[in-house]
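Each structure below appears as structure tokens.
Two complexes are shown next, each including chain A; its partner changes from chain B in the first to chain C in the second.
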Partner chain A sequence: MAHLSNFCLLAVVLINFFCLGSARLGACIQAVALQGALLALLPLSEHGFSGHTLFLAFAAFAMKGGFIPWLLFRAIREVRIQREVQPIIGFVPTLILGALTTAAAFIFADYLPLLPQHHDSLFIPVSLATLGTGFLLLITRLKAITQVLGYLVLENGIFIFGILLSEAMPLMVEAGVLLDLLVGVFVMGIVLNQINREFSSLNTERLSALRE
Partner chain B sequence: MLIAVIVVPLFFAAISWGLPSHRMRSLVLPLGSALHLVLSLLLISQPLVRNHDWIGLDDLSRLVLLVTALLFFACAVYGFDYLNLRSDRDNHIMVSCLLVFLSAMTLAVLSRHMGLLWVAVETTTIASAPLIYFNRNALSIEATWKYLLICSVGIALAMLGILFVGYAALGTGPEVSLQFDQLLTMAGSLSKPWLHAGFVFLLVGFGSKMGLAPLHTWKPDAYGEAPGLVGALLAGGLTSVAFLAILRGVQLMGAAGDLKMAQHALLGMGLLSLTLAAIFVIRQADIKRMLAFSSVEHMGILALGIGIGGLATFGAMLHLINNALTKGSLFLAAGNIQRAHDSKKMSGIRGAMSRLPLSGGLFLAGFLAITGSPPFGPFLSEFTILRGVFGGEHYLIGTLVLILLATVFIGMGSTVLAVTQGEADPTLKDNGFRDRFLLVAPPLLLLLIVLMLGLYLPEPLNRLLHGAAALIEVQP
Partner chain C sequence: MLQLLLHLLVLLLFAPLMLGVITKTKAWFAGRIGAPLLQPYWDLLRLWKKGFVFSRTTTWVFRAGPVVGLVIPILAALLIPFGALSAPFSFNGDLILFVYLFGLSRFFTAAAALDTGSSFEGMGAVREVTFSCLAEPTVLFGLIVLARLSDGLALQNLLGPHLSQAWLTMSAPLGLVVVCLLIVVLVENSRIPFDDPNTHLELTMIHEVMVLDHSGPALGMILYGAAMKMMVLGALVVRLVLPLNTGMLWLDLLIFLGGELLLAVLIGVIESIMARLRMPRIPQMLIGTTLLSAFALVLTLR
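Showing the complex of A and B:
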């Protein structure tokens, strides 16, 4: 099943680049949803079928691939947001930064003291690259909703690393983590709505009254 | 009983959501909190308590549970009158989120599984975000957004840290668990590089929640815009809980024989926090933001105490109680002053003591306490930490800390004295708000406890503090 894992992980990296380069918010949300859905396959392909992996796969698919994107779409419908993503720095520089981060992640992972069974696996480099992408999205985008997307991509990166350890994580805790993510995005959605009502815009530039 | 202390606040939160009357909902808050306090005190007085090893009590969690339960009770009593004063605003969300917040803090304190600890701490973030947004204006939404985003991303990094610690254990045996006691027993055989990376991420992640510089940027905004009692709970309760989470990482490092490295990291962040707080607290015109920077300062002192080790660790444990209770008292008093003047800026407040003799006096006394003036508790704990610093022959650090503490004292003093002293400015509108019993008694009680801690340390508490310090200092 290693083939399937590698295929998913490569697709995750491609989606990272798509998010960094896309100007359309809706497409970005769909891409993050697809990324989440692909991640749901990983516990199955890495650890085989068991009650635990099935639950994790199903829960991740429902939350990351379904519920959270639905919440985000609802949020942008409610605030009738413009389509553009509005980067602070242009798309091409972001993409180049993303490529550099990804390359650095792959090189760095080679130097890590990995267990023998993880030496040739893509899990750790892709996890680090996805983390980096999440950070880039968080830093380089103006709209509050794209920052939520950045947070989700970051979480996806951590989720990929977590799959290596899913035997150490009890089901209850996995469920708790996913539930926290869901409620967190839900609350963020409500806050987005309030930001929009208060400032008639979702630009975080406006959120700068409080400073020293 | 362990389960009960977590579930009781949740149960009251559900009740308050269903109640139709504003006044009754406000009443549920102190009731639920009082029951939680009683259960907590019963738990703390019991010997070692375990429950399936997922939740349990050691001396560290006893200490933090005692502080949070006590502080929350004081805030809940204050909240009853405060919410009734603000009956124009729906209190559904406020009361139930406060109680969920209490439950999540308790779970975080009791959890003995790293994953569960993470879930609980993240829940505190989500439950407290609506509290900061209570006033529903542009500034509070900005503060809420920053808090939610910075803390969520920070906590996500803490998750990565926990996973790294798990990875460190992956090669060592057939069974890998993130159960804390199991991790402690196998700490010696953990893969060192992964454990170190894990600790750094834990420190950064939970450090952003605790407000250690340079991850403190949400703090002045959130504390400044939230209602006084929410500020009190965040500055006194939540920071202590996040500190406990960091201490779990320190315990692990200690058990693995790397206590020194953990201490150096904490020392660095502690000194940075103290320095940044001292810079920003000078000429701070907003009394609540000033308290937020004071909170950054005291997080620095806590980290410094652990970083020095030995006697200073004991001092840090004592300082944890003192800081939480004094901050609670200060924020509640500041809330009263803000209410009476419709302002929290120096420009809008003059002579608070002549208009609000009790709240103004409490604010002034609280300022003296938090800056470490005798005979209040923080003097004793800061003095103990400094004795640890000089006793360990860290003269340079000791001198630097003394200079920074003096800077903070002068910086805060100029704001506090200008606000409290003098005649009430007749040009400032009087909205008729005066000291009320339920809004003054809780901060007064907290400050009296702090005063008592400075004069006399009860023997059971002393034992608890020594037990907690011993847990951190444990060597393999």
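Showing the complex of A and C:
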């Protein structure tokens, strides 16, 4: 089973790189949805089948892989966003920054005081790398909807981290996190609609310019 | 000696078949019957029967291009094991020679293209050199990862029988290396997402534009060399994906050739379901694969 989770985590890293380098909004959303769906496999492969892990896997799959991407696609359709993602710094610099963060995450994870059974696994470094990718997506993209994507990737990183603790953590906490995420995306969708109604573009840079 | 002959015979006879399989796969995807599988052989024969035509502005450099393009893949093939068949020549550090042999062939092709003095050919040479210099770090990083997993710097050791063990313990970096090398095979052989071997629109051509002025046997040599190059570079991917050693010569050979055919089918599928990348996206993609293979190296080093 360690094989399956390693494969999933590797795919998560690949999707991180894809999100950082891709210029298409639709492809990015699909990639993030795939990432969420892959993450749903992790609790099962790491802790075996039980009511707890099955619920967690199912909830994660439905939310991250199905419902939230559907909401995002709907938001794109409603607000009629152009398909290009606008970066503040170019795609290649973001990719390189992403690779540096990933490498740093791997190096940093070796120095953490972890339990011996977690020391060689990919969980911690991949979760740190995914967190970093989420931050980068949040920082470097101008359009509001891509920032929502960054937020989702960030949450995926936290989810990976949480899987290691999922035995100890009560179900309510995880359900709460997933609900938070959903509410976050909902709010962002409403905000997007509002921005779209008030201004002609969804470029968040214009929001910081105050005017009468 | 027998082994050397077998190695060369497999390379020389089998290489054009891969092109045939690719066109057949693409035709099948498009719902056509397509050219027969052996069409590349007939094409090569037809080109060989024609006469040479040389422009008066060209020099010996133009003539050297196709020859080098034909000889280099044969030389490179001698360094690489075909599946479980060991390489005829092997020494420590031959992976550097392997990578730069292709660099040499690229230099001569680009020089021959520049020698014609045509502006289109110069443009193609610029693109080819740019993209392949971005693809080179990917190959080197990938080979370094393999070197780290094995205990030698010869391709024979890198692609040795330990790979099937390594897949169990180090599947993550090996998987990344396979993805990167597959992309390199596509780039180096000017295949779709990166370049279209059948296009004849000057603004989008990369490799084809460099060989526009070659005709007859020279063009045949280039096509033959390209087919062999695909087989030699594909051998890396095939060996990584199918690291089986049965010990029986014919079975090993069959596994290798079957792997190459599967690779050709895969390339055909990729060409059928993907559109070409826009020109500015290609360097981004290649830098992405370089970073991926560097990341694979980080994974093996930890």
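As a working rule, the second predicted complex is superposed on the first by the 208 of 212 C-alpha atoms of A that agree within 3 Å, B and C clash if a C-alpha of one lies under 4 Å from a C-alpha of the other, contacts with A are read in each partner's own complex, and residues count from 1 in each chain.
Simple rule for what comes next: contacts are C-beta pairs under 8 Å (C-beta built on N, C-alpha and C of every residue); 3 or more make two chains touch, one makes a residue touch a chain.
Since the model is a prediction, treat every value here as computed from it, not as a measurement.
With chain A as the common reference, the superposed partners chain B and chain C fit together side by side. Of the two partners chain B and chain C, it is B that touches the larger number of chain A residues. Within the superposed three-chain model, A:Phe7 lies in touch with chain C and out of touch with chain B [touch as defined at top]. Once chain A of one complex is fitted onto chain A of the other, the partner contacts of A:Leu152 are absent, as it touches neither chain B nor chain C. By the document's definition of touching, neither partner reaches A:Cys19: not chain B, not chain C.
In the overlay built on the shared chain, the residue A:Leu164 is in contact with chain B alone; chain C does not reach it.
Look at A:Phe199: by the touch rule set out above, it reaches chain B but stays clear of chain C. Applying the stated contact rule after C-alpha superposition, one finds that A:Ile96 touches chain C and leaves chain B untouched. In the superposed model, A:Leu122 lies in contact with chain C only, and not with chain B. Working from the superposition on chain A, the chain A vertex angle toward chain B and chain C, CA centres, sits at 160° in steps of 10. The minimum CA-CA separation between chain B and chain C in the overlaid arrangement is 21 Å, rounded to the whole angstrom.
Residue overlap on chain A between the chain B contacts of one complex and the chain C contacts of the other is empty.
By the touch rule above, chain A contacts chain C in their complex via residues 3, 6-7, 9-10, 13-14, 17, 21, 23, 91-92, 95-96, 98-99, 102-103, 106-107, 110, 122. Chain contact summary for the complex, chain C toward chain A: residues 171-172, 175-176, 179, 281, 283-285, 287-288, 291-292, 294-295, 298-299, 302. Contact residues of chain A toward chain B in the complex are 112-113, 115, 131, 138, 144, 147, 151, 154-155, 158, 161-162, 164-165, 167-170, 172-174, 176-177, 180, 183-184, 187-188, 191, 194-195, 198-199, 204, 207-210, 212. By the touch criterion given at the top, residues 113, 115-116, 118-119, 122-123, 125-126, 129-130, 133, 136-139, 141-146, 148-149, 152-153, 156, 159-160, 163, 166-167, 169-171, 176-178, 191, 193-194, 220-221, 224-225, 280 of chain B touch chain A in their complex.
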